[in-house]
Amino acid sequence: MKIEVCPQPFNPWSVLQDYEAQRAQAGKCGATACFIGTMRDYNAGDSVQQMWLEHYAGMTELYLQQLAREAEQRWELLDSLILHRVGEIHCDQTIVLVAAWAGHRSPALDACRYLIEELKHRAPFWKRETLNTGQQRWVAQNTPK
Amino acid sequence: MKIEVCPQPFNPWSVLQDYEAQRAQAGKCGATACFIGTMRDYNAGDSVQQMWLEHYAGMTELYLQQLAREAEQRWELLDSLILHRVGEIHCDQTIVLVAAWAGHRSPALDACRYLIEELKHRAPFWKRETLNTGQQRWVAQNTPK
Amino acid sequence: MNITVKLFASLREQVGKGEVKLKADKPMTIAQIWAQVSEEMPLPTHILMALNMQYVEPNAIAKAGDEVAFFPPVTGG
Amino acid sequence: MNITVKLFASLREQVGKGEVKLKADKPMTIAQIWAQVSEEMPLPTHILMALNMQYVEPNAIAKAGDEVAFFPPVTGG
């Protein structure tokens, strides 16, 4: 399991490649599902220039660990990973990466969706957007889907 | 869109990294979902040593293109990708990679699942396993999930 | 002109042929083509059929120049 | 001993404080702590509360040494 709150930009694909390379491959994994959230240049009808991501240091890491552990138990995962950016984020940069490894496809896909949905609804992160107009605003709520 | 039937092993993460690097990033993508199928060392209660993947050259590529196009339209995807191995496959090697890019997470996740499910049920590929005992057998049917 | 008939995977081994050219003096149904290629084997229950690389049912009609394929349930992914 | 109270994001800006140490002579409910920190602002409807980094309801009880946090709906991911 790997859980990380990242102040610096990261490339999700090289994170996954490095993570798998240092793990022992043992022939048991048949399915990997992953989800990546990326910063768009628009939100709620407005052009967005950049974003600031605040978090509750300590609780965030704890919550993400609980979440990953819960998913690993519920779907009998072989492994799971959650990385989330904090700080200043620009367009096309990765905000979040979740991944689930399992023997078969259904648990991997179900767990991956669960990780991102639960993270969005419960993990203590907050987005503040800077619009192209210069106006700053806190995002009030995540879209339901 | 990228569709490929691959006779040689590939690393799914570097494929995705290279593919994204050569695409124009335009601030519209908020969500990427991907699924990777990997060869296990067991199946249906038996130890598997290696696998041979046969396909219907021509129809396979055509079917995968139709599938990706259909998913792109149905979920208004920004992009999609399907890579599938053929030939001799060893333990821990990637068999299939599917990915879907969208503005929001729900279409990306739904389309990703659709791509792998439809591919498993309709794309003309066939697996022949070589067990640790040396016995060879055609896989009769994919697991329902 | 011929109809090209292809068989794949376990079905190819069962029938003992991978590709056959059938003389096609007149259009034939896929079921008739199967009977000819397999030498009257009954059509296996879960068999899949394609005409010019699109899935079809046994009553679809093939003519000279077409490609017809028979194969077992697919197991990719 | 104190109770440490943290506020985040828009709520921190609304209340005008990010972190406060409250004197805790006796255990208090989270709701009482909110009243004291916010100087009697009504508890916002969608506010989330944590005690020692676990989600709790307003009737949970905090004592000296505990960490309490108030924050708006989360918007990560």
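For reference, chains read A, B, C and D in written order, and residue numbers begin at 1 within each chain.
Note that a residue touches a chain if its C-beta (ideal position, glycine included) is under 8 Å from a C-beta of that chain, and two chains touch if they have at least 3 such contacts.
None of these values were measured; they are calculated from a predicted model.
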item: Contact-graph separation of chain A and chain D, given in steps at minimum; value: 1
item: Whole-Å gap separating chain C and chain D, where each centre is the average of the chain's CA atoms; value: 71
item: Distance from chain D to chain B - Cα centre to Cα centre, in angstrom; value: 48
item: Centroid distance [mean C-alpha coordinates] between chain B and chain A, Å; value: 23
item: Intercentroid distance (Cα basis), chain C paired with chain B, Å; value: 26
item: Touching two or more other chains - residues of chain B; value: 37, 105, 116
item: Two or more partner chains touched - positions in chain D; value: 77
item: Those chain pairs that satisfy the touch definition; value: A-B, A-D, B-C
item: Sites on chain D touched by chain A in the complex; value: 6, 8-10, 48, 50, 53, 55, 69, 71-77
item: Contacting residues of chain B [partner chain C, same complex]; value: 37, 53-56, 58-59, 62-63, 84, 95-96, 116, 119-128, 138-142
item: Complex interface listing, chain A residues touching chain B; value: 11, 13-14, 16-17, 20, 25-42, 91-92, 103-106, 108-109, 112-113, 116, 143, 145
